[in-house]
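Okay, so chain A shows up in both of these, paired with chain B first and chain C after.
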Partner chain A sequence: MRPIMLKGHSRPLTQIKYNREGDLLFSVGKDGIVGVWYSHNGERLGTYDGQMPTALWTVDPHPESNIALSGGADNEVHVWKVNGGELIHRFQFETTVKQARFSPDGKQLFAIIEQRMGCIGQTVVFDVPEDLESFSDEPRFLLEFDPKERAKVTTAGWGYDPETGIVLILAHDDGWVTKVDSNDGSIIESLQIHDKPGTITDIQFSTDHTYFITSSKDKTAKLLDVKTLNVLKTYRGEAGINTAAITPVKDFVVLGGGQEARDVTTTSNRQGNFESRFYHKIFEDPIGRVTGHFGPINTLAVHPDGTQFASGSEDGYIRVHNFDKPYFDFLYDVEREAIAASKH
Partner chain B sequence: MTVDLEEAKELGIDFSDLESKYVVTDEPDLDAFVVADGVPKGVPAAKHKALRTVLRKFLSPAGPITPDNEDGTSGIILALNDDGTTKGTAFVEYETKAGADTAATILHKKRFDKNHTILVNKLSDVIRYTEPGVVSDTWTPPEQEPYTEREHLRWWLADKQGRDQFIMQRGDDTGLFWNCKADPPEKVAVRPGLTEQPVRWSPLGSYLISLHRQGVQIWSGPSFQPTSRYVHPNVAYARISPNESYLVTYSPEPIQLPPPDRRGAFPFGEQDAGKNIAVWELSTGALLRTLALPEEVARELNPEEDIMRWSPDERYVARLTPGQSLSIYELPSMGLIDKKSIRVEGIRDFSWCPTNNIAIQGRKTPAKEIPPSLLAYWTPEVGDQAARVSLMTVPNKEVIRTRNLVNVNDVSLHWQNLGRFLCVKVDRHSKSGKSTFSNLEFYRATEAGIPVEVMELRDSQVLKFAWEPNRDRFVVICADPTDGVSKAILKEQIAAGRAPLTQPPRTIVSFYGLEHSGPGGSVAATDKFVQIAKKLERRTINTIRWNPNGRFLVLTTLVLNRGVLNTTACDLEFFDFDYEGDRKENKYMLEDAADVPVNVMKIGQSSHYGATDIDWDPSGRYVTTASSFWIHNLENGYKIYDIRGAVIREERIEALKCLLWRPRPPTPLSKDQIKQIRKQLREKWAPIFDAEDVAAQSAQAREVMESRRRLLSEWTAYRANIAAKLPKDLFGVKESAQENIEEYTEEVLSEQTEVIE
Partner chain C sequence: PQVIENEDGTKTVIRFHLNDLGQKVKVSQHIKIKKVITSVNSAVAARKLWKKFGQDKNKPPGPDIQTTTVGENIVLNLSAGDKPAKAAEAAPEAEEAQAAKPTTATIKCRYCKGAHFSAKCPYKSQLASDAGVGPDGADARGGSPAPGPDPTPGKFVPPHLRRGGPDSMSIPPPNSFRDRDDEGTVRVTNLPPNAEENELGYIFQQYGSVARVHIVRDRETNQPRGFAFITYNEPRSAEKAVKALNRYGYKNVLIHVEHSRK
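Then we have the complex of A and B:
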């Protein structure tokens, strides 16, 4: 697997995302640049320079790929046109925007506002207008958690409950997850899934958004069902895990992380575990690793067709890996058996 | 104000309560008296004065005694018969109650002279207990405690598969496991939060010792429960004697007695206050003796070394006071031999010969007698006096051999485990003091006159020395004299206050044999006594581990210090000293090593990044390396290798602290029985074991397959259930989101117009 190196950020990457078709890859980093790349060859489509040159934490293309959002330490979420980079709307907040995502149906977006300087962390949900242009600053709902009762929200994502529809899944700093009704913001359920202080670092969903994977500083990643919030699987890593993704097509998951930047001193990169580790989604076994970065991996994304994955690291590089044939051919004996049985 | 009592009475005021409270009696304060029994009987009146003087001297250490008066009714009062001779009892009045209390504790049962032992009791106690009703006159037998069967201490030896156990400390858990080769270790028991300190096995594996703030806990039996506890506040050290009869505990904090009313189960009494070391008997749990450790000794204490060292038969235990003396105590009385320590000016270190069963000075002890123990010690150069290594027998304290040494920096004593040889490693310096080098001196302890053979290593210093168990071959690690560069860097880094991150120092490893020595053969005294078989150069090896049965050897570079992490040197090298190939053809050995009783071959190699510990299992079939959280927190875990260095199992365990094999007691089989088993191994036993292995493996493979099959079908069912509930146009996307766009392009390369007429 020869990777394509995307060199466009001068500082650590914070998030990378494919659009729904997977032809474009969006990236943000601490250098304040939003990059958009063609995923098949790594050519850069362009950068979006509207935001202040402060650290950006989040980027997300709309399912239609017409518009995208980005947010970061300038306390704003910008919505801009992918084609041309024209700024459509600015949501302004009190503090840093840690995470913002469009809902899978493209009708809503949320923003997680960091708890800082006497401001309680907030989760704000807005409606996305049909024309994708006339945004309103009036949120649909706003959630605040009393810091005495529940640790701040670190990241979040949109899930799909086959019975109630789209829900918001919030991940907390103390290893809890909260399921929230996407219409009115009412809390449906809260559960602890990672051991304290198991800061949840990332949350990514299956293609149909009915189950998701959480990665945590407690060195595990867990697969959860949206409807029941049951932990389906647990994957154990070696260092803290910063990001985790589910691969479509193959029943795998990918975990990325490594020793924290501040702990990496003069030692060789072997000790840092700066690698993307593949686990079998169902059997929880580690099955492979992809090395190459020389800093912790902060963000991972898998192509929606399951044909490639990209990793963004503290070292400032994005590495795009196209899966080759052995990857697709790899099967456990029992999987082969099951396939053979279903053909008969 | 004065009160007229008469007036008060008239007024009808009742003073009786006050009167009874403040009543003054003429009786003397009985609390200051003691009764001394066992005083010489029948002493005539003429000698009373002398007796009183001697008694006064004997009893005063407890406190001042009131002066005697002429008629003998004060101070020491002798009980007399009608004829004026003594009855054998004296009443003694101390000036204070405290004096009497002390006398009853420290002077009770003390020897007065050859024939008399004085029993000292407080008079008030005597009065109290002789009063009718306090002590019942009829004896009622104590209720017999019901017999509860204790768990077998050596239960683990009865394992059907003959597996070994180990203790693993990880995070807050302490767990006991069976080694299952390649498979995950089988749990016997895990005790979360048992201790954060290192645990330790007893020498034969029957007990596990854990240290706690209040004292020591001893764990044993299949249920892995604490079977006994020994109170010793802030205990820092606990070791069990070689045959597991005794326990020694040490606490840097001198024993302090709690107030008398709260002593309860506190095992120590007045005489133990201020002491640091306690010696206990394991079978009864009884405290045998407490000992003080001089503060200057305590300060220099190496926690890895034994504070009290046992003779191999456990008849004696010795403690060193560096520079001064050696104290040897006899068991089980725990009294000093001849009631005094052996004064050895300058003594630095000593070592017991590991077996009693040797001929001393060529003379074997007759079967009826108890063989004496042998120990070696050394003293450094002081002024004109040379350094000296001496061998002494115990208990008669006879020095049977001494040898003088000059230009000595340091000496270490290495007994071969059969006690046939003592190797003295002498680190010396040249006369100018500029260069340092080592001598190895071999004392042939079992021969008459104890001949010594000296091997000089001219230009290098021996860092480590290790005898092969049961044989007379050995391995030596020397500093590489050409390793000047890294030393300079190291020095620079230390000077700059940084932890040295460079390679560990370069070393040379050499294998030696004693000439013409077989297992049991005698050694000829020739000038080629010690012969080299192999030299490994350009290594960084710092650890030697012989197989517990000898023959096999593993060498490695361990991470020994916190914060010093070498990044590349983590190789393990495995050797066989009795390689089965033809020795003459063995190109691996040095060319002129033909006479050496060594046929060494490197049989394997492996590596464990960041390993901090290495050990053979007690059967000598496996080697384990561990990377401990106590030293560093990178890639903590363990690896198990076979005898050829192939990794059988490896596991990374978060915060693994240690992996300790449970020692085994020596085999009860006779030599002939072992021989018999060896002979039949291939034909009789191997097929059985192989069949068992195959069966276990296939059973396990089946199990894994089954569990995977189950997981897969569960997952498939889960997904099918969800998929059935999903709408066709989830998130507004039509079924076929994937469009195949095919474009046909036609390119006209050239166009020609031809007019056809």
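Then we have the complex of A and C:
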């Protein structure tokens, strides 16, 4: 496959996201630029220029794709119209915004605020108004964790539990995960997933949000169930993993990260050695890798149709790859047998 | 330009122009236009018509070369149990199986690059290699397996404890320092990129015992740079080699052999 290289950022990429239909790809980086791209050909639709040129850590389109949010080191989350790039609302906070996402039903959004001297980190949840314009600065609820009890929240995402409904899954700096009710912010459950220090670097969900994958500096990524928070699978990597995603259609997961320390001096970085690694979601085996980046991969996203994936790296490039036929034809023998058996 | 409508629906466009050397060049292009109609979610279709904003304001439709390019072809090979490139991570059994098989194929002496084990080389007679036992010295990275106790792949084992005796890299080949002063070295240029140390060693050792074959490679990509140094134990061998092998036909190319200069 020939990857399409998107060169919109002069500094490392921090997050990339597809919208719900997958036709748009949103990107943010440490240069403070927000890029919106058409995913089928890499053409850039535009850049949102309303935020200060400080590092942006997070971007997320609303499920309807009419609006999107971005947040970062200017201590703000901006909500803006995707058609035209016009600012709709600014949420202002005490310190850096590390992560912000819309809920899958588009009715809420959360923001994770960094912990600093004098400020405990916070998780703030706001309601999204029906008209997508009249945002209120009053949070629905606000959560703080005592640093002595639980390390700060590094990232989070929305999950779905058929019984409780939409829940907020928080990932902490010490490898713990907390499940929170989205209505009132009450903590439902909390447990340790990754071994200490185990900073959780990314959390991404399945298409229906009933299970998710966490990536961690402890060199593993884990697949968990939202309802029970059981660890279903563990994928082992060679170095700290920065990002992980689940592929729709095929039963794979993709992990992205850096290099093992020992490889740094022995491999030439002229060669584009940094790779995204594919693992079989169920068998946990590494099955393939895609190289090409000249720096560690910071963020991965998979097209909701499972036909494409994109990686954003420290090298400032986004590479968009369309899967070809062998990718879709790949099956383990047991899978082939199972399919053959089910046909009879 | 002449445009021909072909019978099968394709067009042929023929153009003539003069190139830099004043030669007339005919360029003939066969064009097939294929219209593909796909159904797309109506919201997606609507978004395709949105106006460009921010830094792309007023730009024409279509990808901008400044921001969007196509990279080189990459193959994603999916296979169950894809093991990482470095052998250090492989299970101990896999590593032994791997080490046992290619050992016979890639035995290379570190001093003269001949097809025999290094142990205190010089010019060990080449046919004696197959009877050898134990790993060769050509292990580049990752540490050789330890004796007896479980060899954790990737764990560092000091040279004097490795299987295969005191094959430490720190012992320099005998005579090599002296040779460099005594002009027993020839420089071979115009080497084809597929030249190999073994082959060169074989050719040059007809004129005397070869202490060292060094094909100069790019430090990072390991590609040969097209020249090499062959060091003989006897300066007289170097003389003979220069006389006999200069402009010698090797793999479709004439290699040049001369005394190496300081």
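As a working rule, the second predicted complex is superposed on the first by the 330 of 344 C-alpha atoms of A that agree within 3 Å, B and C clash if a C-alpha of one lies under 4 Å from a C-alpha of the other, contacts with A are read in each partner's own complex, and residues count from 1 in each chain.
One rule holds in what follows: a residue touches a chain if its C-beta (ideal position, glycine included) is under 8 Å from a C-beta of that chain, and two chains touch if they have at least 3 such contacts.
It should be emphasised that the depicted structure is a prediction, and the values quoted were computed from it without experimental measurement.
Enquirer: Does the chain A-based superposition show chain B and chain C clashing or fitting?
Expert: Overlaying the two structures gives a clash between chain B and chain C.
Enquirer: Answer with first, second, both or neither: which of chain B and chain C does A:S134 touch in the superposed model?
Expert: So A:S134 meets neither chain B nor chain C here.
Enquirer: Touching A:R319 in the superposition: chain B (first), chain C (second), both, neither?
Expert: second
Enquirer: With both complexes superposed on chain A, which partner does A:G46 reach: first (chain B), second (chain C), both or neither?
Expert: second
Enquirer: Between chain B (first) and chain C (second), which, if any, makes contact with A:M1: first, second, both or neither?
Expert: After superposing on A, A:M1 lies in contact with chain C but is clear of chain B.
Enquirer: After superposition on the shared chain, which partner residues are touched by A:E163: those of chain B (first), chain C (second), both, or neither?
Expert: Touch status of A:E163: first partner only.
Enquirer: For the overlaid complexes, name the partner, chain B or chain C, with more touching residues on chain A.
Expert: C
Enquirer: A:E335 contacts which: chain B (first), chain C (second), both, neither?
Expert: In the superposed model, A:E335 contacts chain B only, not chain C.
Enquirer: Is A:P63 touching the first partner chain B, the second partner chain C, both, or neither of them?
Expert: Only chain B is touched by A:P63; chain C is not.
Enquirer: What is the shared patch of chain A, the residues that chain B and chain C both contact?
Expert: 238, 266, 268, 270-271, 283, 332
Enquirer: Given the complex with chain B, which residues does chain A contribute to the contact?
Expert: 20, 63, 104-106, 160, 162-163, 208-211, 219, 225, 227, 232, 238, 251, 266-268, 270-271, 281-283, 305, 332-335, 337-338
Enquirer: Which part of chain B faces chain A closely enough to touch in the complex?
Expert: Spelled out, the residues of chain B in touch with chain A are 501, 565, 567, 609, 634-635, 652, 654, 705, 708-709, 711-713, 715-716, 718, 722-723, 725-726, 730-733, 737-738.
Enquirer: What part of chain C is in contact with chain A in the complex they form?
Expert: Interface residues on the chain C side: 41, 43-44, 47-48, 50-57, 61-64, 66-84, 86, 89, 141, 220-221.
Enquirer: Residue numbers of chain A touching chain C in their complex, please.
Expert: So the residues of chain A in touch with chain C come to 1-8, 21, 23-24, 34, 37-38, 41-49, 64-65, 82-85, 238, 263, 266, 268, 270-271, 278, 280, 283, 285-292, 319, 321, 323-324, 326-327, 330, 332.
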